[in-house]
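Questions regarding the structure given below will be posed in turn.
Which chain is which? They are A, B and C, in the order written, and residues in each are numbered from 1.
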Amino acid sequence: MSVARPARPPEPAPPDSVRLAEALIFCAPAPMTEADLAARLPPGTDVPALLAEIARTYAPRGITLARVAGGYAFRTAPDLAPCLRGASPEPRKLSRAALETLAIVAYHQPVTRAEIEEIRGVTTSKGSLDLLLETGWVRLRGRRRTPGRPVTYGTTPAFLDHFGLDAVSDLPGLDELKGLGLIEGRLPAGVRLRQPSDTAVPDEDPLAPGEDAAD
Amino acid sequence: MPGSPLPPDVTDRDAFEEAGPEAPEGAAFVVDVDGFEGPLDLLLELARRQKVDLARISILALVEQYLAFVEEARRLRLELAGDYLVMAAWLAYLKSRLLLPAPPRDPGPAAGDLAEALASRLRRLEAIRAAAAMLAGRAQLGRDVFGRGATLPEPASAAPGPFGATLHELIAAYARQRQERARAQVTLPPRSVWSLVDARAALGRLIGRRDDWTDLDSYLAQYLADPKRRATVRASSLSAVLELAREGQILLRQERPFAPIQIRTAGA
Amino acid sequence: MSVARPARPPEPAPPDSVRLAEALIFCAPAPMTEADLAARLPPGTDVPALLAEIARTYAPRGITLARVAGGYAFRTAPDLAPCLRGASPEPRKLSRAALETLAIVAYHQPVTRAEIEEIRGVTTSKGSLDLLLETGWVRLRGRRRTPGRPVTYGTTPAFLDHFGLDAVSDLPGLDELKGLGLIEGRLPAGVRLRQPSDTAVPDEDPLAPGEDAAD
């Protein structure tokens, strides 16, 4: 199909706030939240409506507006994946062990290393968590309020961005797993798991000011 | 039990990590258990072969298959990693609990609860495997969908960006620094050695004054006080008294093996 | 001007070759030449006409097709530049020396410059500490009650915030660094690895008023 139609009239210009929002999202190094946008757009801008407008405009195109990690970013359309592969170097593939560890961190977060090992039934090979920390998908969250105060792990916004998720609660199959009671499974005495959350949980973190864990 | 307990198409480095080059010659038949990441994974695979819902598997049949697997590995003189044997021991206990009536006033958990706990662990591992597969199957950034590829030219007079570093970079920097310092700072504690010459000189001074049979250790009391020096003092003084005896200066006796060594001057 | 018009029909989809070309240009790490595009588009595609079509479509928008360095790239519209200045610039990376110094301040605080040098085994340039003060992650804490009364350094709440920590004691300790595979083997006695804490210590005096602005 020929696309060259010289007589075609120029496209109508979108409002300036839409143009600015497009530019801001395009040049941001990470997904932009509605709050980020509101702070940079003219006061009184209806940011959700504006984002809906941009999403609608770009939906049929090769570049689309994606909602990821609690914000907005331009991404290539998913259906073009086969034609785009090889356009940039293939990212490192995770080993099965690392992928499983990542899934445990994602679905059970906040989770300790001992709990990861309990679920997998094997000692987590050294470097598996380190690799996930290095990719920037897993982070140290804090410490569990149990004896030994183990460090807890959780996922990062980069993890959500990488897997095209808006929030941890959007993890595929999460509701089903919760329904089957497989997220709140049996764990060693004194340890309870809850549904994943990347916000603070009651038996985690907040250290009293001045609390000293010095050895 | 249907078929061989040994999957024909597998090799597991983890499971056989202890079978080095000096593995027994008899283990010529290579049992391939690739992909098994520990005993729980093996159990899950055995359970899958029952081709029923994990909720309805026979734990007893599963236990028997696992024990048969370990038995077969032993028959082939394969060294299984410790984890597999620990699990085998626990499963053997579970099997006995499942088959035998519970002893009266048994304080332990009911056999049914133990079996259910195992089934629940397997279901949880299977669920997380399924979740991992779903995660891996999603359109991934940099593989299926792409973000803006190019770094944009900085707009003129742009303020310098904020500083960025991740927690991982921070702790990795600390660990690397400490590790490098550790390598740079290897110091061996100076070894304190009582030489043969020291021993001869000291014993020569002491023995000359006594002409009755005396325990060697009683001469050495002051030198043996320091635990770090005990070994070197004993070794050197034994060599010294043997030398002195060979030269005819002293006599040695020991009533039985490991009894105190006694000495006296030869001239007395 | 309101942009939310719910009754608006969906945009017509452009031809697949246009969508693919948009995506290719968007995700390429460098401007794409006509030859690069021709090689990745269906054979027989009229690349110049297709580029003209994309340029026409994006001309009124916030993101436009620009001809740069002999190829094509998406850029924000030139007229928006004043509004984009300072919009989320890419973060600056710390040098290895600065990162190490920061880590030592975090783990060993309160710590003097001489102590940092002793721990690192190299002279720490004043620039490194100045840069860290500039990041807002390191602060002057007080003065050590030793001869010369050297200034002590520690971390700030902004440090905790940036690294997602609730308290300095949430930093992983020796066992956890080992568990992550970051430290192997035993550390000799001379190499201390601290369980960090940022509580007050007895041999430290607070800074005199106004003193923190001095250095």
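Structural remarks
Assume a contact is a pair of C-beta atoms (placed from the backbone, for glycine too) under 8 Å apart; a residue touches a chain by one contact, two chains touch by 3 or more.
The structure presented is a predicted model; accordingly, all values stated were derived computationally and were not measured.
Using mean Cα coordinates as chain centres, the one most removed from chain C is B.
Looking at which two chains touch through the most C-beta pairs, you get A-C. Taking each chain's centre as the mean of its C-alpha atoms, chain A lies 38 Å from chain B. Rounded to a whole number, the gap between the C-alpha centres of chain A and chain C is 17 angstrom. The distance from the centre of chain B to the centre of chain C, each centre being the mean of the chain's C-alpha atoms, comes to 40 Å.
The multi-chain contact residues of chain A, meaning those touching 2 or more other chains, are 26-27, 74, 76-77, 84, 87-88, 133, 139-140.
Shown for chain B are the residues that touch two or more other chains, namely 146-149, 152, 166-167, 171-172.
Contact residues of chain B toward chain A in the complex are 14, 35, 37-41, 83, 117, 120-121, 123-125, 127-132, 134-136, 138-149, 152, 166-168, 171-172. Contact residues of chain B toward chain C in the complex are 146-152, 154-167, 169-179, 181-182, 184-187.
Of all the residues in chain C, the ones that touch chain A in their complex are 1-5, 8, 10-15, 17-24, 26-29, 40, 46, 49-50, 52-53, 56-57, 59-63, 74, 76-77, 80, 83-84, 87-91, 164-167, 169-170, 172-173, 176, 179-182, 194-195, 197, 199-200. Residue ranges on chain C touching chain B, taken from their complex, read 23, 26-31, 73-76, 81, 84-86, 89-94, 96, 99-100, 102-104, 106-107, 119-121, 134-135, 137, 162-165, 171-172, 177, 180, 182-185, 187-188, 190-191, 193.
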